[in-house]
Amino acid sequence: MDEKTVTVQDTNPMDTETLEVNFGPQHPSTHGVFRMNIVLDGETIVSVKPVMGYLHRNHEQIAENLTYAAVMPYTDRLDYFNSMANNFGYALAVEKLARIEVPERAQYIRVIMAELTRLVNHVSVIGFLLNDLGAFFTPVLYAFREREKILDIFEAISGSRMMCNYFRFGGVKRDVSDADLEQIRKIVQKFPAFLDEFEALLTKNEILCMRCQNVGVLPPDLAVNASITGPVLRASGVNYDIRKVDRYSIYERFSFRIPLGDKGDVYDRYYVRILEMRESVKILEQALKGIRPGEFIHPKSTSFLKLPRNFKPPVGEAYGRVESPKGELGYYLVSDGTPQPWRYHVRSPSLINLTVLEDLCVGHKVADAIIILGSIDIILGELDR
Amino acid sequence: MEYLDQLFVFAKRLMLDLLARFLPDWIVLVASMVISIVAILIFAPLTMMYLTLLERKVVGRIQNRIGPNRVGKFGLLQPIADGIKMLTKEDIVPFQADPVLHFLAPVIIVMPALLIFAVIPFGRGMTAVDLNIGILYFIAVSSISTIAIFMASWGSRNKFSLLGGMRTVAQMISYEVPMVLSVVPVILVAETLSTNAIIEAQSAGWFVWTPWGLAGFLIFFLCAVAECNRSPFDIPEAESEIVAGFHTEYSGIKFALFYMAEFISVFAVSALAVTLFLGGWKGPWLPSWLWFLLKAYALIGVMFWFRGTLPRFRVDQLMGLAWKFLLPLALINIFVVGFWYFSPGLWKWVGSLGILGPSFWIFTKLNRSYVPENRVYRLAEDENNETVGA
Amino acid sequence: MNISEIKSKIESALPGVSVKIVSQSLLVEKPGNLTRVVRYLKDSPEFRMDYLASVTGADYLDYLESVYHLYSMAKKTGPIVLRVRVRRDEPKIPSLARIYRGAEFQEREAYDLFGILYENHPDLRRLFLWEGFEGFPLRKDYLQEDSEILEAEDIQWLEEHGIPIPEDIRKQAHELKQQGLRALAQKPTKESGV
Amino acid sequence: MIFGSGIIRGMFVTLKNFATSYFRKPDEGGLFTVEYPEKRIPLKERFRSFPFLVYDGTPENLRCTACDICARECPPKCIYVVRAADQDGRPLRRPAAFTIDYSVCMNCGMCEEVCPFDSIFMDHEFEIASQDRYRELVYTLTKLLKSNEYFNNIRPRDAQAVDKKRREAEEKKKLAAAQAAKPKLDEPPKPV
């Protein structure tokens, strides 16, 4: 070819296209059937559109066709990692609606269960986050080693490892035996040592720090504006924990602190969860010291247990919320005086925390999107409902 | 002892002697090659099969699990069961994939992995081909696998595969550079490119016991891990990000071939690291080939240990590590070995360490994004705030 | 601060806006005023309701309702419950997604399940159900498909894939199609709302 | 801090776990795998899998009265009860058919809680996997009935409490019946 025919246009910058990739619904690290519609420029993310609903069961409609008591086992299936926390929120909302009192021992049992659930959730979430980071299952299995012990307790107390269905309006389903309490004490005693080991494996690891620090920074004002709750919010440095704000159940009796993050990146979300577990251990220690023999369910409520159809809360509405390990788990209930709720709504933290997914991901690499999603901590059962 | 040490050499010689009685010379020559090739072709897949088992066992133990133990005693037949499963699985070619590339890639990827075995000195006098440019041959051949991986990723017609392929090419080419440069000191000291001669040069002491040897070994080993796409450098097949990278769309025997190539090259690079820095088959009491295998398996064990412990790098950090950290260190290492060669007595040690240590420190400081930040966490109570550092 | 004080404060600060107290919550009488009320609650230093905890719809047969739970993270107070009622045939409510990012998905969810149209929402698509889904399943008059009766389209699909269908089921589906119905079963409706 | 020290520290954690897996106990860093079909974790007494029906003595003498409460309160509606009738069509206090679709059941234990006749309880049997979802997992009355001894065996504390309650109720009933029967004979009828 003659040299003169080479035109100047050939040296122009390359004409590149963006690449649209669907991460999910079948993907190893979308934590279930969640889809991220990611547009990539090379490896850099241009936009992220979350697509959900693959696990949608219309939980709210199912609940509106059931009695109040029969919804309880369905709440287990929302966030199937912490069914006790879901039970707690629902029981709280119904108790608010029907003005039911809860005896002291039941309150203690509830707090113990809720905090054990928090340990289960946080420890496994960190494990999953590390899996997303590419660690080959080691942190997950260490986490599951501890989780198994707590699940054994759940099984002994409620009858099921994950779908506990343990809380009842006005108390809990069954009493906790002293042997079980002793077992919980043992677990709680050993847990800090496990956390130390876990931290030795992870916290200072240079690769983890490289990957997580300054990735997915969530500024506090955006976090508040986007209704982010839970560890994700606190990692951004906003001091808001419903256990402290609402002081529901008997949380005001325990002294515990709320860990707040520094920058609001993935690393802070990881470390805030570790610190939260340490605080949970403190609550558990105090609760196990404070628990006294007594009624585990209010005598007035026992009648509803046998005849759920006789349970008719007065006409009205209630919004009960708890600090579930994922964030604010709220139940909005409207009663029309019949045994079935007229309106039942779940404010699921997994869904609402995802609002900022795109803001966090854009400009980062593909690998970062995965860990940002992992650090937000979603559970599809709760997200899609 | 001598007999045990030369067991395989004698066996081959015996066979050739037998053949030489009846057959012409050129057939004996061919037979000599065939015997070596057959030995490698048996040894390499066998190693690969049992490395998969070993990896699963080691990682299992790290994770407080038992690992495979159902097929045979201690799961010893597990690789065979896996092999049968792989062979009988349906071979799926994606719709509109490039069938030729898709078919050829797994075939091509196994070849360089096997070819490397030709220059590996398994024991005293146990090198299949004692090339006088052995190291160069190794580097040249091992870089071919990049092409096969890119063929696989392109031919699959899958976006995950494509991403994986792009990552592979970038990674493989980047890590080749510090890897080769980290070998240069050894070549300078040994004054040869032949693998056997390099081992002989380590008669006085393994190269790894010198400052430049240690630095070179670490650089070489890290690059080797990256070359094999092993954790923590496994971004081309990062499961949590791009499903399985370049072999997302492979099933059955083709997938098995990718797997085989990976494990064979794991063995090959470990063997080369042993040859270059750990004295090869040299060692007291035990037969030379056993020494060699023990050292190689120890390095492979470290790779499994990495896999059981470490998260993965991100693609830009991975490239940064190669170009901004390992490459300058490898260059300085070449300078250090010159210093070592020409200085007398204690000065060698003081000078080498005096150069390597500060330069390591300087490069970590220059790559500030790699150094973990210190974070301060507030623990808010109602009344007072307390801080903890992490 | 009790609910009537909040009401009087809102009404004095925003002339022309009238709110009504309904079971410990504030009903904004005109949906169009919602954004003004919310902006006031968010910005005024007395309330600082910076956190929109929950947005949801509800169907009361005569009207649709959208319920908002507002909290203050800055002052740790709350909730103030706001509600807006709209006609079923024209369910248009101004979107809060531009004031609170947190409303984005929740309003999409309410649109998906109740069919409440949030005006000026940046991206009002169905959230859980697929595009093209007919009806809004949480409305009380939503007719559920009966899973035991196959639709004519289903039967056609099954037969195309070589699955034999009993004659009576095919006939039943065909009859329903002739009547212009999909395979439907009447869901019992409830009598009254709150 | 030297670059890489965190990684090395983490590697020692895994090395420690690798080593301890050979000699420590499961809760102290040893192997925590239970090789399932051969070894099993003992089931907790409160463990619940699927519901079954209790009978006293013989399968004819079942406690269920076909009151249909469990079927109505079952959250996923997996229980189907048909009340038995005699030749004249009058309903009897026993089920003609009692079917639970185990593939729908969600093991919540509501039926056990609401049953007024202490008839339905949650089983410990969980290995019910089968090839056919319809034929094998829809449990009919004959498959559901299990003896009280079995119940006592799997859940001794609950079963004994139930038995005690039932005995007391029985005695009360007898006493009441005896007292109700007595006055008719002995006492003179009260003036109206």
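The first chain written gets the first letter, and so on, giving A, B, C and D; residue counts start at 1 in each chain.
Operating definition for what follows: a residue touches a chain if its C-beta (ideal position, glycine included) is under 8 Å from a C-beta of that chain, and two chains touch if they have at least 3 such contacts.
Being a predicted model, the structure only gives us computed values, none of them experimental.
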Two chains joined by the most C-beta pairs in contact, as defined above: A-B
Centre distance in Å when subunit A and subunit B are each reduced to the mean of their C-alpha atoms: 41
Between subunit A and subunit C, centroid-to-centroid distance (C-alpha), Å: 25
Intercentroid distance (Cα basis), subunit D paired with subunit A, Å: 31
Subunit B-subunit C separation of Cα centroids, rounded to whole Å: 59
Subunit A, residues touching no fewer than two other chains: 138, 142, 145, 201, 203-209
Overlap residues in subunit B, where contacts from two or more other chains coincide: 62-65, 308-310, 370-372
Sites on subunit C at which at least two other chains make contact: none
All touching chain pairs, where touch follows the definition stated at the start: A-B, A-C, A-D, B-D
Interfacial residue positions of subunit D with respect to subunit B in the complex: 2-3, 6-7, 10-11, 13-15, 17-18, 20-22, 29-33, 35
List of subunit B residues in touch with subunit A within their complex: 59, 62-65, 159-160, 162-163, 166-167, 231-232, 234-235, 238-243, 307-317, 369-373, 375-382, 386, 388, 390
Interfacial residue positions of subunit A with respect to subunit B in the complex: 19, 21, 27-29, 40, 42-43, 130-138, 141-142, 145, 201, 203-211, 213-214, 237, 239, 244, 255, 257-263, 267-268, 271-272, 275, 279, 365-368, 370
Subunit C - residues contacting subunit A, complex: 23, 25, 50-54, 56, 58-59, 67, 69, 73, 76, 79, 81, 100-106, 109, 113, 126-130, 137-138, 190, 192-194
Touch list for subunit A against partner subunit C, complex: 52-53, 56, 58, 60-61, 64, 222, 224-228, 238, 240, 245, 315-317, 319, 321, 328, 330, 332, 334-336, 338, 342-343, 345, 347, 351-352, 354-356, 384-385
